[in-house]
Amino acid sequence: MLSKKSILDADSLSLEDIKLILSNVDSFLEISRRDVKKVPTLRGKTVINLFFEPSTRTKTSFEIAAKRLSADIINFSPSTSSLKKGESIIDTIKTILSMKVDLIVIRHSDSGTVKMVDRFVDIPVINAGDGKYQHPTQALLDLYTIKKRFGKFEGLKVAIVGDFLDSRVARSDMNLFEKMGMDVTIVSPTMFLPEDFSGMKVKHCIDDVIEDADIVYMLRMQFERQDRKFYPSVMEYNRFLTLNMDRLGKMKPGSIVMHPGPVNRGIEITDEVMDTSGELAEKIVIEEQVTFGVAVRMAILYLILG
Amino acid sequence: MIEKAHILNEDDIDRVIRRISHEILERNKGPESLVFIGIQKRGVPLADRIAKNIEKFEGTEIKAGKLDITFYRDDIGQNIKPNARITDISFDIEGKNVILFDDVLYTGRTVRAAMDAIIDFGRPKSIQLVVLIDRGHRELPIRADYVGKNLPTSLNESVEVKLKETDGLDSVTVVEKG
Amino acid sequence: MNKNERKDILIKSGRVIDPEKGKEFISDIYIKDGILAEMGENIKAKGKELTEIDAKGCIVCPGFVDMHVHLRDPGFEDEETIETGTLAAVKGGITTVACMPNTSPPIDSESMVKYILEKSEDAACRVLPIAAMTRGLKGREITDMGLLAEAGAVGFSDDGRCVGDSRLMYEVMRYSTQFGLPLVLHEEDYSVSRGGLVNEGSYSSMLGLDGISSLSDDVIIARDIILAGRSRAKIHITHVSTRGGVEMIKKAREGGLDITCDVTPHHLFFNDSYLASFNTNLKVKPPIRSEEDRLALVEGIKGGVIDAIASDHAPHLDTEKNTTFRLAEFGTIGLETLFSAAFSKLCREEKISLPRFISLITTSPAKILGIDAGKIEVGKTANITVIDMEAEEEIKRDSFISKSRNSAFIGQKLKGKIVCTISKGKLVYINK
């Protein structure tokens, strides 16, 4: 079993936990390929999908995962219900606990919130992304995607491209990637990096890594949330960080492109790359990530509740 | 593990399979309403062999599928790492006589799980069970419709079935748990 | 407490520390009618109504002066009141507090200064109001600083806010020279801090929490040093938190400026690695900074750059802290742990001498505020604290007298325990 019942961040997942989860995913992927994509394994268990921040992908992924295992899953998005009446997050959690659920999946826009909730409850909690802190299940599905393509982790060269500082995906990925022995380079401009990045492998332009990387991991860039961001423009981004056809063509054989979704076309990745067909299209594994996401979350739910 | 007795050899198994093929046809008055489902993993070759026999006798192709019951087991939580095999039932079972195959019938829990899984696919007219060996010690009210061999065993013995498709040879032996 | 009111007190055989003279000696202290009547060996006190305190092995020193306290009264009495805040203070050995003006309404008028003084007449310890520099703490118009000074304000501050308008700040400084009172300055450049939550550094990056760069403090400290150089105002930088700040203050003072500063026990005690737990009680302003900054603060005390230790006691309701890190209010309570937290770090770990340490919470802040406090003097009203230096205590949530529980020190083991406190001549606190 997992060393801890809750999955709060990538840091606290041991190497054994990660291997256990990854080794279980194949079986659950098999279920997703059946005509009847449902097994009774978690019948009678109740999972709550507590999403304080809007999300379609992750919420749906957990929902499908739970349903395929026959767990009852309740979607609760407090932003649209009682939180508007000034109910605090702790009150919401207390209400949910009194309904006797077996597991809480939480997403929140504030860093550290899932850790806080975990201290208040004695049932397992899964972090489905909190603020700029972490998104551990995304990192696990990213690992599984890499495992499927490469069959190993040790020595793979990964370039994580984009807004490193504000990305929960990057924080979780970097932790797990390094734990698995991968060689991680961050490709980011200064304003998306910590003030002191001397301890990290950093490049400022995607061209510096594109030919050598086994995995190019594109982070989502949000120009609309600019309260603490100082990046000049999309044009500037396109010049130094965007994955375009020219750059895709320079990638070495067998290398892949990943993205946590949803892609901002024309910012992180150009339309041409997204819509490309033929040999180069096989490099883009973004849809595989989504497919594997369900199986990875099934494995996690199974290992926690089974 | 100490090998105690050879129960069936290749010829014995052949004979058993031919007999059961006839029994199935007789009881169901021909092959028309039949679909076969083998439980992973040794139920699958049993289903295939009998389907081939019937095709030989009757000239009718019988649809045979595979069923993995890992996630239907009632002890799934205790079994940390599930090792699911393929489930492939690419035909309609609605209103059919489903013949379910497994190598050994023991507590009945596997068959219970298999019936649960089958019912997720539709409502068959009936489910009939074929087993190569019935070794007794049932924990659920389940019985086989077609039995290769009834083999009374003690709880510290186990029955080891090997089939060419999965193990390279056909044999059934009883071994004592070490 | 009432029972003890009229009783005379004899403190026997304590190790008396006189931070003003830097002396230590074994002595009895006799308090008669609230006045420190006699000091010396083997005092034989007469009278039936006498409380005797055996202070053998204990430190006996002047009651502490905490120059940075939020009493929340008026306006936020559910967090703290003058009554509960002063009771918490005396539990921490503090007998004089200077309270900050960010109440509701703020202390920006004569009547508010008088309200504080009148309401605290019967309080467990002395309360001295620091009045606002700008009306409503809004940073736009200068308050009636002359009237506020006459009413009894001991200094001026917009604490919790920083005056961004440099010309206005300059005028506040110039005007303050007329009254000789210090300006207690909260230094923060909002265009740098930008809604940040914790110190900007490797931990903010690791935790995905928006950072408050030390530039936020340093840019404004630099500005205010320039303004003070021109205006010749007496300025006091409160809760200094950065290495850069300490260095600039040191240079400014060497250059002849009348500049002083204080530091909080929590900035001396913690560094930002403690934030990894997302403990909202460690969300304070300025933020708990890096270990490098913390060490610079300790050095600042050792080298005499930092003049005082003040709690920045900031009570908050549970509902304001039991929320997400982003939404939680800034601040920790600190009156009851002022001594033990700072003592544990500075005397036990850093080996700073006891008289020097005691001066940081007695004579030195008193001098900055220009008040008569923090001394042991025969013939004056007795304000005395008795401390057991050897005792160690784990700080628990339910051990506080303060109305609020938001202490950064919950769970920490602190050394040095207040045995009893005599404030305004009365025995107001005894630790049982």
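By letter and in written order, the chains are A, B and C; residue numbering begins at 1 in each of them.
One rule holds for everything that comes next: a residue touches a chain if its C-beta (ideal position, glycine included) is under 8 Å from a C-beta of that chain, and two chains touch if they have at least 3 such contacts.
Since this is a predicted model, take the numbers as computed values, not measurements.
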{"item": "Common touching chains of chain B and chain A", "value": "none"}
{"item": "Chain with minimal offset from the mean of all protein Cα atoms", "value": "A"}
{"item": "Whole-Å gap between the CA centroids of chain A and chain C", "value": "46"}
{"item": "Between chain C and chain B, distance of the C-alpha-averaged centres to the nearest whole Å", "value": "81"}
{"item": "Complex contacts: residues of chain C adjacent to chain A", "value": "194-196, 200-202, 204-211, 213, 277-278, 280, 319, 322-327"}
{"item": "In the complex with chain A, residue positions of chain B that touch it", "value": "68, 70-72, 76-77, 80-90, 116-117, 120-121"}
{"item": "Chain B contact footprint on chain A (complex, rising order)", "value": "1, 20, 23-24, 26-28, 30-31, 34-36, 38-41, 69, 302-303, 306"}
{"item": "Chain A residues touching chain C - in the complex, by the definition given at the top", "value": "88-90, 108, 110-113, 115-116, 130-134, 165-166, 168, 171, 194-196, 199, 227-228"}
